[in-house]
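Each of the next two complexes has chain A plus one more chain, namely chain B in the first and chain C in the second.
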Partner chain A sequence: MFAYCLRRILILIPTLFIIIALSFLLIYSAPGGPFDAEAALDPQIIENLRQTYNLDKPLHQQFGLYLGRLMQGDLGPSMIYRDFTVNELLGASLPISINLGLKSLLLAILLGCSIGIAAALKRNSKLDYGLMFVSMSGIAVPSFVVAPLLTLFFGIYLKEIPGVGSYLGLPVAGWGGLRNQILPIIALALPQIAIIARLTRASMIEVLSSNYVRAARMRGLPERNVILNHALPAALLPIISYLGPALAGVITGSVIIEQIFDLPGVGRYFVQGAMNRDYTLVLGIILVFSTTVLLLNLIVDILYGYLDPRVRVDE
Partner chain B sequence: MTIDTAPLETATEPPKSQRSYWQNARRRFKSHKAAMAGVWMIVAIALYAILGPLISPNAMDTINFQMRTSGPTLEGAHWFGTDSLGRDLFVRTAYGARISLMIGILTTAVALSIGVVFGAVAGLRGGWVDTTMMRIVDILYALPLIFFIIILVTVFGRNIMLIFIAIGAVEWLTMSRIVRGQTLSLKQKEFVEAARAMAVPRFTIVRRHIIPNAIGPVIVFVTLLVPANIMVESFMSFLGLGVQEPMTSWGVLIKEGAAEVEIHPWLLILPASFLAVTMFSFNFVGDGLRDALDPKER
Partner chain C sequence: MLDPILEVESLNVSFATPDGTVNAVNDVSFKLRRKRCLGVVGESGSGKSQTFLAVMASLASNASCSGKVLLDGKNLLRLPKAEIRQIRGNRIAFIMQDALTALTPHMRIGELLMEGLMIHKKLSRSEATRKILNVLDVVRIPDAASRINMYPHELSGGMRQRILIAQALLCEPDIIIADEPTTALDVTVQAQILDIFDELKRDTDVALVLITHDLGVIAGRADEVMVMYGGRAVEKSEMRALYVNPLHPYTAGLLAAMPSFASNLGEALPAIAGQPPDLQSLPKGCAFMPRCSKAAQICTDERPLLKSYGDRKAACHFAEGS
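== the complex of A and B ==
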């Protein structure tokens, strides 16, 4: 087990290197640059700017410089947001994205698993069909449709109800207390709730029809006991392996949700940065996101091997 | 497929055991109500995409100043209403359907070709080739791929062909895993070994034995990849990185509608419903195909 963990951790390093190299090559080999918008600038000034940011050097040298700084934990200066380093920008925006993402993920896991289990226990009933139809809608209706509709309903229609409107209505933008967070969290979590619910249902149904659950029932154990102690732990295992993709999904969704709800998170910086060719900012964000997803995948794989000894084939 | 011109009146349906795998699959699929409904909905939306602009007297980019942000009305034949510039939403949604469906299908075709070739080569070659190729897939898998699509598109311009290629080039990973898995398991089957023993060329083995037998899961995945890719395109367009004006797609229309949802909700709801119905339909068809092609599951 220890050797397996070590090998997985060691393979992270080349993986990250390839990711950085690939993104670096893509971004830097593109036509145009971060100072294009200021077309009125004197060529000499642009040349000076390029020198300041080391853009005049050959690509491999730039890459070396970038890696060197990266080793010291420095993601470099932002090229569009002057006077800010990428570290500073991320330091200000990451907490917001993490806060939003973690809460959404938590909500998605709790609700998704509950819905899936309920549907599986009442398999082929009206409840099952209803829940699965709703969760299919969660997949079919994208978050960028759900979010405006939520704001319309909670932010405008409910607010107009005299008397209760001020309690029921929710703010539709900004980042302050929990009330501001409710709508973005729901909008971000919905697709993941839907996917997790479907996964849980499928896996629960499989487990419920397996031999050892039948054996547990045959021994006369109470149904409650069979489900909670025998079926549930096994049924939730695949959900753990979905955590990595779920996080990736939440990160992707946050790009849109932060845009719609005007949240100063990382996702918004990414789109802005990509459009304005803010090389260092885009690279920094990709690096942070990829590392997060890779680390979570690593933890999930190790945890999975620990929980389910059958998958430890690599040893 | 069917031969009913034969004078043999005694030729009834063959007994169950003689029906081929594909005939059985077709029967199972046809009895799957949601999947059949999905097929008809997709046909209807495709017809709307093709015929909609021909039926309507309006053009997609004509501006009707007198009727800006009108609700659905018969006046001026604006059956779905008009947007904030007074352009007809019925026609624009149909054009959006053309673009979105085309993107869904073409990107899937790109992903299919890359994924099948990559997976088949990895599976057939085996050994270190397989290990290396699958490591590459593993690495790419770990990335939030949408970010790569965003970079590809921002970096190389917002050309619609580029969006096709970018989405397709990124979405082939799962396909290659499926094909590789199928190939690996088929490779060990006796009939492939027999073919190899008879010195059948490698390419012919792939064409005659591997592809026909591996195609089931691939078809299922393709039906699920089309809506996923339509969604990716809408996502990009919503961010302003996808299809550009004056062309439109469902994502662009949803973006425009979302900006005015407070006053003119139909601008959002109409295109969004088309998108959602398409998503539903493809997913139902995918589910139906899975049940039909792989009866072992569920």
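== the complex of A and C ==
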């Protein structure tokens, strides 16, 4: 098991290198540059700026310099927020995005699995159809539609009601206490709840009709036993392997949600960085995001082996 | 002869499907006795498995059944779920077809054997473990103490079949029903598994049911044989008499289709021509008529009833007792 983990971690290095190289090539070949917006600048000043940030050197040399700094854990200076390094910007914004992402993922797993299991156990009942209709809508309606609707309802309508408004009315923007987080967390979690609920239902139904679940019932085990010990662990396997993509979904989803709720997270920097051709900032964020996704997939694979002894390697 | 422990009286099972009703089991009756082995023979779709799933009250949700399955004077078909649960695995054990998929893949063998004992017999873990090791010895699992920490996929097919048998034996049930216990196994392993059943019959009081499509499996092992065709019992007989002098032409066809060393190599085995009947629209007459060599007009017009010929019974207009 240890050798397997080590091998998987070592594979991360070439994978990350390829991701950095491709992203580097892509963003540098996009038209325009970080200093284009400031049209009034003197050509000599722009030239000086380009020299400062090494943009005057050939591309392969720039890439080499970037990698060299990366090895020392330095993501370079931001080309737009010129008083800050990318490390500083990420250091301030990443905790907010991680906080938001993990909370909504947790909510999505808890609610999604419960809804899916309930729907599977009451298969083809009104409850099942109702839950699946709601979750289908959850997948179909994008978060940039759901988020303003939530804002309108909780932030404006409920706030108007005297007495209730001070409890139920929620702030619609900014980052502060837990009350600020509720709406963005829900908006971010909704599509994931829907996807996880559908996944859980489908795999639970499949497992419930399997031979070994029938066999467990034929041995006279109580239904609670059959579901918790025999069906659930097998039914949750596909959910575990979805967690990698789910985290990616929560991260990319946060790009929009952070804009809507005006949260100072990574997602907002990502959008603005890409618009402004802030090369180092965008590369830094891509690097952090892809490392997270790769590491999470690794954790998921290890967890998968723990839950399903058949895929365990090297024992 | 001992009193019957389980009596099945005119059992009917039908399934509601989108294409209409499928009559899987029609008017089947039989009795099980301690220390006796009933062999149930028939081809796929003859209703042999469904008959015993009905006995376990474990039919699919679209099934409906009538008749009686009496255990201790109680009709299992009418028993509430909680009471059925105390009978399943505890009084009547069912060894499922397909040993490869009947064991939960993510549970260790020990856990899979333990849970029944803890639920039905309220044993503690250590008592249960002792009992499990004893039973694994009965079904000839070598090195049992380490096997109980393994997962099902780490065992061979024969080993998994033994585990299933052990699982059935653990609660010391009155009745063990084995559905095609040797089908997925190679011939030498088949023989070893069948030896275990022979020992069970000799050493315990259990009433045994062997469901199979292979007359070879129950030869010399069953006491009585029930041959099923189209959801009906077409012949019920003491085993030796059935092999020597089959009353029903279907039984005769099955016996003729068994390979033997005496038959000439290279010669095709005799087979029963035609297809099994469509259970959605069983004919008015004899279900076997289209495939029968003795068929006459009466077979189309009138369904033969199960009639007694001495100790034996058969459902054929042309059956002759000996």
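Quick note on the criterion: the second predicted complex is superposed on the first by the 308 of 315 C-alpha atoms of A that agree within 3 Å, B and C clash if a C-alpha of one lies under 4 Å from a C-alpha of the other, contacts with A are read in each partner's own complex, and residues count from 1 in each chain.
Here is the rule we go by: a contact is a pair of C-beta atoms (placed from the backbone, for glycine too) under 8 Å apart; a residue touches a chain by one contact, two chains touch by 3 or more.
Because the structure is predicted, anything quoted here is derived from the model rather than measured.
Upon superposition of the two complexes on chain A, no clash is found between chain B and chain C, which fit side by side.
In the superposed pair of complexes, A:217 makes contact with chain C only, with no contact to chain B. Within the superposed three-chain model, A:309 lies in touch with chain C and out of touch with chain B [touch as defined at top].
By the touch criterion defined above, A:58 reaches neither chain B nor chain C.
Ranking chain B and chain C by residues of chain A touched puts B first. On the chain A superposition, the C-alpha centres give an angle at chain A of 70° between chain B and chain C, rounded to a multiple of 10. In the superposition on chain A, contact of A:73 is made with neither chain B nor chain C.
Look at A:270: by the touch rule set out above, it reaches chain B but stays clear of chain C.
For the pair chain B and chain C, the least inter-chain C-alpha distance in the overlaid model is 12 Å. Chain A has no residue lying at the interface with chain B in one structure and with chain C in the other. Interface of chain B with chain A (complex): residues 139, 142-144, 146-148, 150-152, 154-156, 227, 231, 234-235, 238-239, 241, 254-255, 257-258, 261-262, 265, 268, 272, 275-277, 279-280, 283, 298. By the touch rule above, chain A contacts chain B in their complex via residues 15, 18-19, 23, 26-27, 30, 136-137, 139-142, 144-145, 147-149, 151-152, 156, 202, 205, 244, 248, 251-252, 255-256, 259-260, 270-271, 274-275, 277, 282, 285-286, 289-290, 293-294, 297. Touching chain C in their complex are the following residues of chain A: 210-222, 225, 229-230, 233-234, 307-310. Those residues of chain C that touch chain A in the complex are listed here as 56, 58, 84-90, 93-94, 96, 98, 101-107, 111, 115-116, 119-120, 151, 153, 167.
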